[in-house]
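Structures for review follow.
Shared between the two complexes below is chain A, which has chain B as its partner in the first and chain C in the second.
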Partner chain A sequence: MRNVYIVSASMIKVDRYFNKSYKELVLDALTKILDEGSVEHIDYTVVSTLLSDSILHQLDLSTVLTQHLGLNPIPSLRVETGESSGLTAIELGYSLIASGKADSVLVVGVEKLTEYPTNIINENYSKILDYEIETIRNISPPDYAALIMKEYMKRYRIKREELTIWPIKMHDNASRNPYAQLRFRVDRDKVLNSITIAEPIKLLDAFPVGDGSAIILLGSERTLRRSNSECMKVTYITSSTSQPIYLRDDILEFTALRKTFKTLQEGSRLDLEEALLEIHDSYSIYAYLILEELGIAPRGKAPNTVDKLNNVNLSGGLKARGHPFGATGIYQVAEAYSILSDRGLGELKYNGKYGLIHSMSGPDYNSRLCLIEKVM
Partner chain B sequence: MRYSIPIFWRNKYSYYRLELTKCKKCGKVAFFRRSICPYCRSREVEVITSKGIGKVVTYTVSYFRGSTNLESYPRIIALIELSEGVKVIGELSDVKLEDIKEGMEVEAVLRRYSSDDPYGLIYYGIKFIPRVKK
Partner chain C sequence: MVTLFELREGVGIVGWGVYIPIWRVRAVEIAKMWGFSEELTRSLWIEEKAVASEDEDTVTMGWYAAKVAIERGGIDPNHIGAIFVGTESKPYAVKPSATIIADALMDSNIKSASDIEFACRAGGEGIRNSIALVASGMTKYALVIGSDTAQANPGDVLELTASSGAAAYVIGPAQESVAVFEGSTVYVTDTPDFWRRDGSPYPQHGEIFTGEPAYFHHIVSAAKLLFKELGLKPSDFDYAVFHQPNGKFPLQVGRMLGFPKEKILPGIVTPWIGNTYNGSSLIGLAKVLEEAKPGSRILVVTFGSGAGSDAFSIIVKEGIEERVKRGPKVIDFLKRKKYVSYGEYAKNRRIITRIR
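Then we have the complex of A and B:
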């Protein structure tokens, strides 16, 4: 297997862009990479988007995008694995380079959710679950998050207000991230008094709806030699799937993440305490479960450790940076890359060697982990 | 047309009854009609119809708005353990919010899911109501 590197990363602020199409969002994100001149050597474009079929009415979006941006004849394809599509695109780009099929892969994430009112987005977003068994029976992703949160509170005797610590911290982190959608602080009362999505989940426990585009340029060692920007190695990337909620023995266990993390630990030497982490906190309860599944906190104790964590979701997470579905995994990698780099991301900087990015779909229906490493 | 008619027609026994799949190899039972065991991948499975009696393991009152599911709002979504020992996910109906409790006995009934108002199709399926003791 050949080594794979992040050669460049670029993104736009997650926001509501009523006046721009998805093509313009990608172009805005691509401008930096075009200016660097790296586009001349791209062998493949991998595009990640979740709802392009239903919301943008666009099939084969990757080809249309390639045509619009004048990237043709570069081959392109689109990937979709629910909410984790972005990290899957990076996994695929990684594989293309590692296998020798390509030397340079442009990985584009884009989602345009403001084309329709939120209830239509919600309806389509719910299709990440099993349509014939779950979605058609009116089950939606936050319903599952609510069932899990209730069970967590009951089993570990945790009060509702104790679980506000995650969104408070994420909003605080996002206020320092120039690309975050929700750059304002919240307190306990604001979280508890926000509207209910699915009891006990409040609006401020959940990700906001927004548009976004983020891009990663991956390259082989050969590409690295041509690059003037700071490069980081993609050391490991792996993923797993799990059972639906109703087939699980314990709904507080994220077995796909557990399997993925075990594989990653066997394949790499990683000290989580020294790594910068980006985790998939679509609902705040998931952040606690992920921290526990990664061994950062004992079972039922994650809320007590959040205050001391200075290496997790410095971006503000899905909670406050935002979650433009297909682009999210690429945002996470772009942010980790930027925060670890010498230049930092705005005022965000982290003095460490490793970045670990976690992305999943639904309640861990699939989970992916990507480990990046500074090579200087 | 809100939903595909072939999907409803094809799944009529699973949507209008409560069907489970029992694996002849590993013995596990899983919700819904299936041709392969989701636990051990054996294709020696039999479809059984649940008695439709169970207990609420946990539930949520959901205000999440999707455009097709406004008929029952808010929706009460529950994880239910059936007397066959298998868990299903479903909607509670015909119950006041203050009367719902974890552990309460429920039974499966046929209820309206949605309709193509004003002149279209009506879609039915299984929901759960508090158990009526006979």
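Then we have the complex of A and C:
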């Protein structure tokens, strides 16, 4: 297999763009990456979006987007694997280059959610679960997060207020990320007094609804040689799926992540303590479970370790940077790439070699991990 | 482009009156009914809302407020040459409410009369029209009424606030007025943040879209235009009254414009009576007029979805205290209340459909 590199990355601030269409959001991100001058040639475009069918009324969005941006005749396709679609697009772009099918792939993430009120967004977002079994019974992703949070508090005798540490930390981190949607700090009372989404989950435990577009340019060795930007290697990218919640032996275990992480560890030499981590904290309870599944904290102890973690979600995470579904995975990679780079992301910099990005859909229905590495 | 309504002849407020139904339903009761969390009522700052009784509507409430406005102004109603009713909840889809109210108040048929529809700001448009008619000499007095029995889809977040109430103003020559208009600006765009399609019993809204690009953008734009045209700044005003869909928004928009809370709170009524739509900012203004001292300057900014805002600068004159005493005050209506259950509210607002 050929080596794959991140040649360039760009993103726009996650926000509510009432006066822009999804095409304009992509154009804004694309203009930034083109202005950098690191894009010479594109062989393939992979587009990630979750709700374009239902919210934007657009099928074959990748072709329409290619036409609109004047990228034709470059071939394009769209991927969708629920909330982890963005990282899946990178996985696919990676495969296209590793296999020799392409030398450079533009991976575009876009989601435009502010076209409709949140009840419509939630109704459609809930379709990431099994429609015939779960969604039709009115189960939505935050309901599962609430069940899991209740079980976590019960099993480990953790008080509700102790679980506010994650959103507090994420909002603090996001205040330094110029691309984050929620750039304000919160305290314990603010989290606890925010409205209830699904008992015991509060508004400030959950990701905000927002629009966004992020782009990564992946390239082969050949592209790397021609580029004058700082490139990073995509060392490993892998994924797994799991059982639905109602068939799990233990709802506090994320087996897809476990399997993915095991595969990644076998295929790479990674010291997690030194790596910059971006994890999928759509609801704060998931952050604790992910930290435990990755072995960063013992079972039931993740809330106690959050304070000391200085290498996780410097972006603010889904919680505060935002979660424009299909674009999220690409934001995570773009942020890790920028923070690890010599230039940094605003004032955000991390002195390390590796970046590990985790993305999942629902409560770990599928989990993906991407390891990137600085090329010295 | 003329941005400012520059007054060649002095025009002002001769009289005013309000009406708020006696019944209140607590916001937490509505929240409980539909499974909203209580924090939502606190975050919007809505405690209770006024509920019109089965035999009250936009016309009856508007009539009462207008009657008080005429009495307070001490004028002969037959000298009113124009009557505008700003409402989005007329009892008749086709047939003016203005004629019903006018005939109940006066004998003269020599007047223009019409209903104006622009969501919650139609009353503001009525005031602008009235200023023009009085300033041009086409009429001595004009009567503007903002009255609504606001509809909300049961279980929608709007139901926590949509309420009933009315305000009326007699606009006339400055020499008879106790508060004069210094100037006015208007700002209107096509912004579909809230609407009710023909035949639909309840309005729909774009949720957060009703905030940033609608309420906040229009109010801030109209107010800033007024500051610029009149060469004024927030510190030149003693009071600021904004359209108040809930308790939180007017404080927030005031902060954006640079007004301290103390200048906004006197005109806040929504937390205790709900959003009376066309009555909202006009009841707030009435409350401020009833406590303001001569020489005070008041900023009033309306907002109506769809969307638009009028900004007015009003200066209070001598003699206001005496005129306040001539009729029931806003504070009297705020104190006059009896609570009803969700069921009684649903019956009175005809949310329960009964076939006869």
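By our rule, the second predicted complex is superposed on the first by the 371 of 376 C-alpha atoms of A that agree within 3 Å, B and C clash if a C-alpha of one lies under 4 Å from a C-alpha of the other, contacts with A are read in each partner's own complex, and residues count from 1 in each chain.
Criterion: a contact is a pair of C-beta atoms (placed from the backbone, for glycine too) under 8 Å apart; a residue touches a chain by one contact, two chains touch by 3 or more.
Please read all numbers here as calculations on a predicted model, not as lab measurements.
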item: First, second, both or neither for A:S52, with chain B first and chain C second; value: neither
item: First (chain B), second (chain C), both or neither touched by A:F18; value: second
item: Chain B versus chain C as contact partner of A:I195, first or second or both or neither; value: both
item: First (chain B), second (chain C), both or neither touched by A:S220; value: neither
item: Touching partner for A:S140 - first (chain B), second (chain C), both, neither; value: first
item: First (chain B), second (chain C), both or neither touched by A:E123; value: first
item: Partner chain(s) touched by A:L247 [first = chain B, second = chain C, both, neither]; value: first
item: Touch count on chain A, higher of chain B and chain C; value: B
item: Chain B versus chain C as contact partner of A:E132, first or second or both or neither; value: first
item: Contact residues of chain A, present in both the chain B and the chain C interface; value: 118, 195-196
item: Residue ranges of chain B in contact with chain A within the complex; value: 3, 7, 11, 30-32, 38-39, 58-69, 72, 75, 77, 79, 87-91, 113, 125-126
item: Interface residues, chain A side, partner chain C - complex; value: 16, 18-19, 114, 117-118, 193-196
item: Chain B-touching residues of chain A, taken from the complex the two chains share; value: 118-120, 122-123, 126, 132-134, 136-140, 142-143, 146-147, 150-151, 154, 195-201, 243, 245-247, 251
item: Touching residues on chain C, where the partner in the complex is chain A; value: 37, 39-40, 42-43, 205-209, 212-213
